[in-house]
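My structure is below; once you've seen it, I'll send some questions.
First chain written, first letter: the chains are A, B, C, D and E, and each begins at residue 1.
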Amino acid sequence: MRLLHTLLRNVASGPVTRRYPKVPLVPVAGARGDLRLLVDRCTFCTACAVRCPAGALEVDRKARTWTFNPYRCIYCHYCVEICPFHALEMAPLGREPAAAKATVTETGAAPVPSPSRGTGAASPA
Amino acid sequence: MKPFLDRVAAFCRGKSVWVLHYDCGSCNGCDIEVMASLTPLYDAERFGVLLVGSPRQADVLLVTGTVNHRNRLVLRSLYDQMAPPKAVVAVGACALTGGIFHDSYNVLDGADRVVPVTVYVPGCPPKPERILDGILQAAAVLAAGGDGSGGDHMAGAGGPAAGGGGGRGGRVAAGGDHGAPGGA
Amino acid sequence: MAERMVIPFGPQHPSLVEPIHMQLEVEGDTVLGVRPAFGFVHRGLEKLAEKRDWRQNVYLVERTCGICSFIHSLGYCLALEELLGVEVPPRADLLRVMWGELHRIQSHYLWLGLLADAVGFESLFMQTWRNRERVLDLNELTAGNRIVVSMCRVGGTARDLDAEMLDRVEATLDAAESEFGPVEHTFREDGGIARRLVGLGRITREEALGLGAVGPVLRATGEASDSRLLGYAGYGRLQVAPVTQAGGDAYARLLVRLGEIRQSMALLRQVLPLLRQEPGETLVPVRKDPTAGEALSRVEQPRGELIYYVRATGGKLLDRVRIRTPTFANLPALVHMVPGNEIGQVPALVLSIDPCVSCTER
Amino acid sequence: MIWVLCWLLSLPVAGFLMGVDRRLTARLQGRVGPPLWQSIWDAGKLLGKPALRPAPRQALWAAGYLGFLGLAVACLLGGADLVLVVLLLGMATASLAVAGFIGPSPFSQLGAQRQLFLGLIYEPVLLLLALGVQRVTGGWTFAGASLPLLYRLPLFLPGLLVALLAAWRKSPFDLASSEHAHQELVAGLATEMGGRVLGLVELGHWWEMELLLLLAASLGYPSLGWALGLALAFFLLGILLDNLLPRLTWRYLWPLGWALGLGGGLLNLIWLGVSR
Amino acid sequence: MRGWFRDVRGLVLAIAAPLVAAALASLPLQRRARVGLALVTGAAVLAAVLLGTPTDLVLAPGAVQTVASLETVGDTALLLYIVWVAVDRRSWLAGLTAAANAALFAWITGQGMAHPTLVLHADPLARFFLIVIALVAPAIWAWAPYYHEHYRKVTPALREQPYYFWLFAIVGVMAALVTANDLMDLYLLWELTTLASFLLIDSPRSGEARAASVQALWMNGVGGAAFLAGVLVAGSLSLAQVGGLAAVLLAVAAAIKAAQLPFSRWLVGAMAAPGPVSALLHSSTMVKAGVYLALRLAPALHQGPGGPALAWLGALTFLGAAWLASGSRRTKEVLAYSTISNLGLMLAMAGIGTTAAVTAALALVLFHAVGKALLFLVAGGVEADLGSRDLEAAGGLIEVRPELGVLGIWGVVSLYMPPLGLLFAKWLAIEASAASLAVYALLAVGSGLTGFFWTKVLGRFACAAAAPEPEGAARLPRAAYYPLRYLAALVAAGSVALLPITTLLLDPVTGAKAPAMGVWYAALLTAAALGALTYVLLARRRSPRALPYASGIEAEETPGALGRFRSSADQPAVAALAGFYPSAAWEAASERVFLLAGALSLVGMVVIAL
């Protein structure tokens, strides 16, 4: 009858449900979410692309592009840990669902690091 | 009368989403998050989402896991057994692109090589909230009169033609269109 | 004429969380025979581990199974550390115990919930999984992900926990322990659950040993076998007494797992003060690649003994990674148990070995 | 002619009750639960969806299930003979079982077989109840009762509860169609049903539950308070038991159901005979 | 023309036409000739009982004496033949019963009781039974030649002449039996039905058939002895004057003829006989002789303890046979048990004996005769086409033989589902038993079991997946379906015309108005018709036919075949389907329990009457 007690207490104390769409997600500090490139720090050294276990990153040293496939990323944090320039970070929340898969490409402005941060351009290919 | 009834049915489709979950070769991470989305803290039933066992009763096919060559046929069969209008939600990196397993000999890089995917839910695994988002997006597509099977030119993609050839290790350039890159 | 029904049970079947296929031969509603078939979750993981370098493999092997991911990476790291001759900092060992036991708790919670569901006890499933969320939230808080914590590295752990974090772990543990009471009580005392499980899939200790069963399946027959007694990671410093039962049936397995949740909580209680008292490093950097050689590690997964075998020939890539998972060891016992039961009991029976197909097929 | 109105309203009311059931169940489990109208939306969606089915004649029998139940409810509301109501209910469950037997999947067959066991468990009990009413009122309807029937037929309550749980597919009697997810039967006899066919079965299911609630309420006749109280009590008890009990197998439930239902009913009837 | 039937000549025609036809049928005829003979004889009998109003046959005392001496000679010959059979088969049970019969017969003859001058009486009860027989028999006669072409192949030992002879003759015997008033005439006819049963069950000459035929012989011999004992006790040879203990003893004879517990086995064994025999003798007409006698005795039984005892025995049989039918694996065995079960219900109603009860019994006789004949013809069709008597062989019948499947489903539906007539009868019966808690409870549980096994049979017929046809599967010619269609139409017509039938046929028997359930029934019928109409209007859209669900590993197949799936190593496997059957041990144990309960009840019945 302990279960009966628990069930009735559930009714009395109201649902514990997190009313998600109404109440937005609260990011947890340190959680591993969507990967972002701080493009002004990036030297396009390809370290991340080489190490990524899932092959979700591609860096073109010549064209100075960093291409990220968020739909292949396994959120393991490895790239962030090994980036020698701390140019990668993870947002505490994951990417939202979408109707189409798209890659994220960041382009470095010029060989000399520019002061402005590049805007992430989503490119539905 | 008929347009009115159609509008009613469309409204109900958006409010009542019965989901068939198929673990297409997942590590269980996404599966238990799908299950968790039914539990009190997330309570998918708030939105009329119900997990059903038989594909004939389902409106949404929720795929988790790498689609391997044995499961490819199963996935296609389940999809074909669902009555239209229907939608497919792919959950987790493996079902989206093969994830960390994308270049294995036995893995197709993405469920969309076998069935047309309506919504992609990224994550490894995605949080239950994100899974709910994905299901509701699919429900919205159904309510708007859409049918995930629209443009399904992949019938028979479960056949040998869909061998996990393309997309090895390289960039996932193609996305959006429901047709699989190199599928049909 | 056919009086036997042939039932394709799975791969898509609501009572199966994972895709396997069992061809059941049924007369009336009694199962006469079972022919299992696999290959629905095979991802070629071991072959892939020869393609990735040994550091990337940590992330690969923890995706062998999402339920006990940490323990997979732990097993792999232990093997590599032996191969590399790396000494892991003691604090990292304790943290590994902590995450390992958190995984065990959530895995057993998960199993309890699935069992409740398999006997049609929906409210108990909900209650169990609701309690499980506490552990998952704690995972997210301490490691950044609810399921795949990715905290094990060759040479230690990726993160350290500060005092405030340890307090929050302890607070969660307090809450989890008190919440577990009613659930545990229901599982132990409910007549309906006992009616469904007592005597179901009973095997003797000799049979279990002969069939090579491991983990709770073996312990439920009275055999005190637990790899944690080997003292890997921090277990050597802790008191670990295997939880055993004599019944040998599905009910005994349930009791073992209930006991192990309590046991894991007690282990956490032992670990937390040590973590408070002993600050220190958690990761030693490893810069060289392994030289030629082989290593083997044995760790206790929630489902039983997990074995990692690693062979290197020098260089970044490993020559062979072999994983012997506990479910693989328990399958002969399952095939032995199924015939003769009512078809309605099959889900509970299959579940009673806590099968993990993704581990088994890799 | 007020009963015609009642009959017209009975289906939406039953759908609403199903929604209440799901909501209450959710609250017991600490969840928010679906909107109260959820079951009606479900039915709306199902009826608006074509059925992709391997069994061409299933719809006919699903319609039979719904039709017989509609007739049974109409007969009960219209004050017809109780035996007729019970026989119609029996035919409804038989139609449902046939619909299941048509399905070419083994799961469908097993589910249909269990549906037969369910029917076998509770139909005789309800027939006995009809005799009880006849012994008290002198007729085969409730109309002749001067005191609430419950006073004379208390031992029928367990049997009625068994019947309600069976008709409502609640634990421990959820044998045939796996209302509880993750069961061995996929969706039991409804495995091969989808879309409109399943919609018909859902509607029938509402009515079946409601019919049993109405029968329970009738034991309170002629006191409206007793009637409403009994219906409410059975409704809540059904939900609570569903959440408190696991699902059991028919080998155990059959004797249990007959012991509670037939045993209680016979004892009550013997007591009536002796006291007279 | 009509005038010709308007008196006793109608009655004589009804009795004589089948006998004449029987003589003709003994000749080696072509199939076409046999069908023609069936149709002509059927038309004659039907015309005799439907067009006119047969009247009683009263003879002068002298003529009565002639008839009586003929009857004595016949009886003596018959008993001698049975004794010879007993010796030939070395069956001491058959010998013992035959000896008992002979002794009792000699005793009665020695008493020299006066024979009544009323030889044949065509009262409403007799006329009702005549109509039922006349409606059903022609269909079976006309079907028999088609079935026979199959049967001849599997049973080379079958001797056709006696087989056809008795198939026709038994209808004449039955017509005489339901009208005979002289008890000794009745006994002769009674024993003739026993003899016909014996000979026809024996006709396949297989080991199973031989054992079953002797069993039928000795069990019916016990019935005959009870009959003669009743006559002895009665002290009079007029059926109309029987009462008290004599009525109970005659009721025992009736119960045995109707295969009530514990004598149910003879009818189950009788299923060894060919299809038309099962249909005509062992379900729709001949075994109803027991019901007829019980109904005839109902007023007399009603006055003593015999009525309630018979009601209990019938109700027990209703339950027990339904229970055993639920577990049976053979189509004809299920049908046999369901026949026994229904006969039990009819006898229970006769035992209760109120207006409602008798009305219920009569309605049961009518609808059961038609529906069960249809089902036996379907079972015979399955046997002829697919070569099996197993219920599982009929799984998915509607896919393999669509027309046979539809007819079979209709036959089953007619036996338990509204708005068809039998349900009306069952409803009446249940309510008529309200006075006795025990009988009511037995009927309640039995009713649940009836639904159980009929739905199971229905489900096997209607299943949308069938195993591939066996080697050597055949097809009955299209013409063979006409008798089945006729019976199916008869069920529908009878149900629609239930109210007029009640007024015209049933009410005259009871002499009172049947309980006013007809209004509800008419409402039900209308509602069902409206529902069916709505369905037909709405269900025009055909949706595509999908593969049978096999947990996601469905393999391609042809519609209507059993589902196939890709099993291990991608080998296709078949998802075989089967009904649920308890173990043979369980069946045997429950049969023993019911046989024992039946034996106790039967003994109790006689003891109470004493």
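Rule of thumb we're sticking to: a contact is a pair of C-beta atoms (placed from the backbone, for glycine too) under 8 Å apart; a residue touches a chain by one contact, two chains touch by 3 or more.
Keep in mind it's a predicted model, so treat the numbers as computed, not measured.
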Sorted by label, the chains bordering both chain B and chain E are C, D
Farthest chain from chain C, going by mean C-alpha coordinates, please.
E
When the contacting C-beta pairs are counted for B-C and for A-C, which pair yields the higher total?
B-C
Greatest Cα-centre separation from chain A belongs to chain E
Chain whose averaged C-alpha position falls nearest the assembly-wide average
D
Taking each chain's mean CA coordinate, chain C and chain D are separated, in whole Å, by 42
Can you give the whole-Å distance between the Cα centres of chain A and chain E?
79
Please tell me the distance, in whole Å, between the geometric centres of chain B and chain D computed from their C-alpha atoms.
36
Report the inter-chain centroid distance for chain A and chain D in whole angstrom, where each centroid is the mean of the CA atoms.
52
Among chain E residues, those touching two or more other chains are 543, 546-547, 549-553, 575-580
What residues in chain C touch two or more of the other chains?
5-9, 11-14, 19, 29, 59-60, 63, 123-124, 126-127, 130, 145, 148, 190
Using the touch definition from the top, which residues of chain A touch two or more other chains?
3, 7, 15-17, 53-54, 74-76
Pairwise chain contacts, counting only pairs that touch as defined:
A-B, A-C, A-D, B-C, B-D, B-E, C-D, C-E, D-E
Which positions of chain B touch chain D when the two form their complex?
5-6, 8-13, 15-16, 18, 39-40, 43, 45-48, 50-54, 56-59, 81-85
Could you pull out which chain B residues touch chain C in their complex?
20, 22-33, 35-36, 39-41, 51-53, 55, 65-66, 68, 70-71, 74, 78, 99-101, 103-107, 124-125, 127
If you look only at chain D, which of its residues touch chain A in the complex?
26-33, 240, 243-244
Listed in rising order, the residues of chain A that touch chain D in the complex are 3-4, 7-8, 10-11, 13, 15-17, 19
Touch list for chain C against partner chain D, complex
5-9, 13-15, 26, 29, 114, 116-124, 126-127, 130, 190, 192-193, 195-196, 342-347
